[in-house]
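Two complexes come next, and they have one chain in common, subunit A, joined by subunit B in the first and subunit C in the second.
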Partner chain A sequence: MDEILGKIYCWFESLFGQNLAEYLWGYSCETQVYDGKNLYNSIGLIAIGISLVFVLAYYYLPLWGFNHPRTNRWWNWIIILFIAGVTNLLIGYSWTVNDFLNGNIGDCLMYSRDSDGNIISQLIFQKDCWLFGLSNFFVSAIFFIVWSGIFKWWSRNCKHSPLF
Partner chain B sequence: MSKLYVFGIGGTGARVLKSLTMLLASGADCGVETIVPIIIDRDMSNKDLSRTKLLIEDYMIVNKIAKTNGSNRFFKTNIHLLNNELCLQLKDNTQKFDEFIGRNTMSLENKALVDMLFAKETLNLDMTEGFQGNPNIGSVVLNQFDDNDIFQEFAKDFKDGDKIFIISSIFGGTGASGFPLLRKILHTPNVKGADGKAFDNWGLVNKAPIGSISVLPYFLVGSPSDGSLVNSDTFIDKTRAALSYYKNEDKKIDTLNYIADKLTSTYEHHKGGDAQMNNAHFVELAAALAILDFVNPEKSSKNIHRDINKNIEKTTYKEFGINKDLSEFTFDNLTDETRRLIVNPLSRFLLFAKYMGYRVVSEQINGKEEFVVKKIKSNDIFEKENKHQPYSRKRFTEDFRRINSIQKLESIQAKFVEWLLEMEKQNRKFTPFNLLSSSATDFIKGDLKIIKTDNFMYKNWAMVDNELNRQIGKANKVLENDSRFIELYFKVTEELINYKN
Partner chain C sequence: MKIDKTTYKDRKERPSGMTAYHASRPDKVLFFADTHFLFKSRPTLHTLSSPTCRHTNQSLPKSAILPTHNLNNHLNNLKLKSMNKAIHVLYGFVVILLLTSCGNSGKKTNNNNAPKDSVKVEIIRPTVNVYIENSGSMDGYVKGVTEFEQAVYNYLTDIKISQFTDSLNLFYINSDIIPQGSDISDFIEKLEPNNFKNKGGSRGTTDISNLLKCVLTETCPNEIAILVTDGIFSPGKGKDAEQYLVNQQIGIKSNMAAYLKKYPNSAVVIYQLSSQFDGLYYNHEDYGTKINEQRPYYIWIIGETDLINDLIIKVPENKFKGSGVQNVFSITGGPKSVDYAVKMGSGNFDLDKQEPKTTIENLKKETKGKQNSARFSVNVNLSGFLLSDNYLRDISNYELNNKDFALTICNSVSNSFGYTHQLNFESGSVHKGVISVKLKTLIPQWVEEKNDSIGTAPVKGKTYGIKYQIHGVYEAFTISNNYYTEIKIKIN
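After this line comes the complex of A and B, so read on.
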């Protein structure tokens, strides 16, 4: 069960690379097993939570722009999905870039070295953190759609947004 | 449930009935379940009459969908036509008055007497366009209306507890002569039809509560362009003469209302027919309120004074007034009692009409700026929103607006706005609304703050849509879509507009 979120993120692994994915799974270069913290679960739960908050706000929050007769068009829903996605993109990026810059990612995942220990190539770049953020955007969008399907029906003004 | 038979005599009768229909459409309280209008007019082609007829026909169609068993009051009171006819048509179709009285077959002596009593113009008068301000010939010609199928049907339909109301003007021909004649027939025992048989239920008719309104001069007519005999200068004299005769009606009528206006508008002068179409006037609205006042169960002890044998002990005389003699007035200038009767219905129905896109716009017509009622696409909130709002999706979309009852409803809404506009065009202007406004919240003039605007989230029409989306769950789900629509809009406008005093 605790691997479900990781598996979802792995749909987008080609974007941010296998090495960053291994780090996020909790791979430890010292022990060469996955005994570190599964960061997919942490980041994923935040993405789920943020999507849920935005969905509930869109359908139920009594503030302008949410649950409003003039924002019940499909494009308004897309805008909120986008805002939730961008929030998660920034969280995904800042989380991974922080670990990247602070050297928290294991050396075996960061670099390819020769037998003398010289770096042959770097395996994770800062752009991979952006791409992981983008993946987090997509995961957030998936959950936004799921939550919308579940919670929209009791909304006063937006129950038919974006569809049905 | 009880009915009220409303006899509208002449052009004023038709116009007051129009105002009454507008009040009933907007949901004004009516103390009877059914109104049975009967128009008595010799001039069947006058535009005022045909406008009223069309309005009533449309009303009856919408009334069928308004029976929601819920809180709806729009179109709630039934309007029933006897034999499906609004007008009591006189069987005699003689055109000239001298033909009607058979002058040509009279002896020389009688002919000389007739020539002495009636002017030449009067004898040659074409009565198909009414009596043109001649009550003396009206009282001769109208004497035949008991010999009529509608009158027979009226008697047959009459039940214990039903009431009668007569609307007439006192300064013209048809109304001034028709009122006392009709009253006399209604109180004549054992009236017989053409077949020689006594009318059914006539005893009930004789003893029925009877109210009336006599409309005194409230407009003038310009110089005649078509040989009409009507002359505004004689209105006051005719009124005075008729009033002195009406003294005889004391204790023969339960409630006799009088209404007049000194600040008169001058209408274009037409004999009658298609050209006779006067703008609506507040006096007609107030006259219609007299009808609602007469059937108000709470007013019954003030309006009707009968002994144990149901004989009239005393006639109640009433007049109508506004707080200040202003040439332009709003709800602020009406008494509390009148406000209670009309502020909510008129405001609610106008909000509904505005939502459907009907409003007044300024247009250049023949180089002159005119105000006209139009359905404005950009103001048609229903059209813009019905695909998106939960209250309407899959209910009030696609062909919904083409349903006959909804088309009639919209037709009445357009006429309602036009009726309000016409009252603004008089010299005594009743202007309770800013009809040019496209807003949902600032269209009521004056100091009354009766539209709910305390919701900071939902502004203008979004507030109405939010309320529609909220109330749809409360509307009766077993109703047909058109009935549900009207019930829903009543609930919403009732929630948003609530005048209490």
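After this line comes the complex of A and C, so read on.
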């Protein structure tokens, strides 16, 4: 069960790379086993929570134009999904780039070395953190859709957004 | 009187279930005394009626402190005064004891932060026993100053100064073992044919099986035996040489097997070296031929694997003087488990989250570049087998259970896990199941090449019957298996 979120993120592994994926799984270069914290669970739960908050706000919050007949449009729903996604994108990026810049990612995941220990190539770059953020955007969008499908039916003004 | 002979170790866990802490103070001595002095305001007539306590409270009514005794007795007064002093001292002592015992409550006794007894750990270094064969066939190696003497002198000196051992004992060996003390330089100076002769023993023939038996019998745990020999069999006149060699091989195998049964974690390393030989070369019929040429000789190292490994690290083969080590044969008992792990990112696959070292999932063909194969690498620590890098990198020394995978071996990337080599697996198709690789125990090719199977005349660079000696050792070590270790990778 604790691998479900990781497996969802791995649908997008080709975007951000295997090495960053292994780090997020909790692989430790020191012990060569997955004894680190599974960051997919942490980041994924935040993504789920933020998506839920935005969905509930869109359908039920009687403030700032939410849950209003005027926002009962599919593109209004898309805008909220986009805002939730970008929020998660920034969270995913900032989380990974923080670990990247602080050297928290193990050497065996960061670099390829020759037999003398010299670095042959770098395996994780800062752009991979952006790409993981993008993956988090997609995951967030998936959960936003799922939450919308669950909670839209009891909304007074937006139950027909985005569809049906 | 009962003398408590329990040591700290014995006292660590007491039968009563109490745990002693080594840093705690010794057991207390308890003094039992009248404690009325603690209750100054409540003197009791009973206690104060005792002559020993009369001085303690001057404010009591006289009737209370002047009871039935005869106070006019001067002698009694003197006695009472001296007793009172003694009681004072005793009370003081009790108070001090009580105060100091408060500072060692149970809580403090169990405090792990208290300073612990400093334990001086004394490293017991192994004993090295050096046996130099002094049969007649060895005379040519020690005539004058030779590479043989330089190599042996330098090797023994390196062992001594590397602090591998504190005890290095020197012996001559033929039919007997003849102690020669432990002074290396004196020993080397006396390495001359005449000295060989004077030391006695049967120098006429060389029964290597018996020679080895003597050495093995003398080699105990935490000891290493170094045997220096020309390795030439001398069956003697009128004997069936071939039969003799086979019998010697069986004898060596038997002796070595008995030794391994006693000390299963043993190993043997045989260095082949070369030196100028100026003397009589004895053929298989003990007929001597005068020669002056380079001849091989051998240094056997026998003992526990870990000790020999340590010795080889401290005095590696490239430190040998003279013409250096020509060839090496080494063997340890197997199979032994080694530390290994699939290398992260060495192919298109995922590591199993539960067993990432040994199990991979979703192995796929590489899609990047021109490569179109499934591949993965395994880092492994092969340092515990006393094998050369050449042996470990030769793929013919490995047995793979899946022929669809091609195996290549290279040195491992610098790491903190002690991995020495990297096994690379590549296949044109994806296979699932268990990939098994065995590091085989094989006799190196040089043994056959350097063996003189005839023994009638000296053959340059070859030794009569060396093959039989090494095969005897090999068969003893491989009686139950013929591989050093097995590496298994599961592909799901």
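The definition used in the following text is that the second predicted complex is superposed on the first by the 164 of 164 C-alpha atoms of A that agree within 3 Å, B and C clash if a C-alpha of one lies under 4 Å from a C-alpha of the other, contacts with A are read in each partner's own complex, and residues count from 1 in each chain.
As a convention for this text, contacts are C-beta pairs under 8 Å (C-beta built on N, C-alpha and C of every residue); 3 or more make two chains touch, one makes a residue touch a chain.
Because the structure is predicted, anything quoted here is derived from the model rather than measured.
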Subunit B and subunit C placed together on subunit A: clash or fit? fit
Max touched-residue count on subunit A (subunit B vs subunit C) belongs to chain C
Here the angle between the directions from the C-alpha centre of subunit A to those of subunit B and subunit C, rounded in steps of 10 degrees, is 160
Item to complete: Pick one for A:G117: touches subunit B only (first), subunit C only (second), both, or neither.
Response: second
Query raised in the report: Who does A:H160 touch here: subunit B (first), subunit C (second), both, or neither?
Result: first
**Message:** Is A:C129 touching anything from subunit B or subunit C once the two structures are fitted on A? First, second, both or neither.
**Reply:** neither
- prompt: Between subunit B (first) and subunit C (second), which, if any, makes contact with A:Y27: first, second, both or neither?
  reply: second
Once superposed, subunit B sits from subunit C at a minimum Cα distance (Å) of 47
Check: subunit A residues flagged as touching subunit B and also subunit C none
Listed in rising order, the residues of subunit B that touch subunit A in the complex are 385, 388-390, 393, 457-458, 462, 465-466, 469-470
Listed in rising order, subunit A residues that touch subunit B in their complex are 62-64, 68-70, 72-73, 155-160
Subunit C residues touching subunit A in their complex are 341, 344-345, 350-351, 353, 356-357, 410-414, 416-417
Subunit A contacts subunit C in the complex at 3, 18-19, 22, 25, 27, 29-30, 32-34, 108-109, 112-117, 123
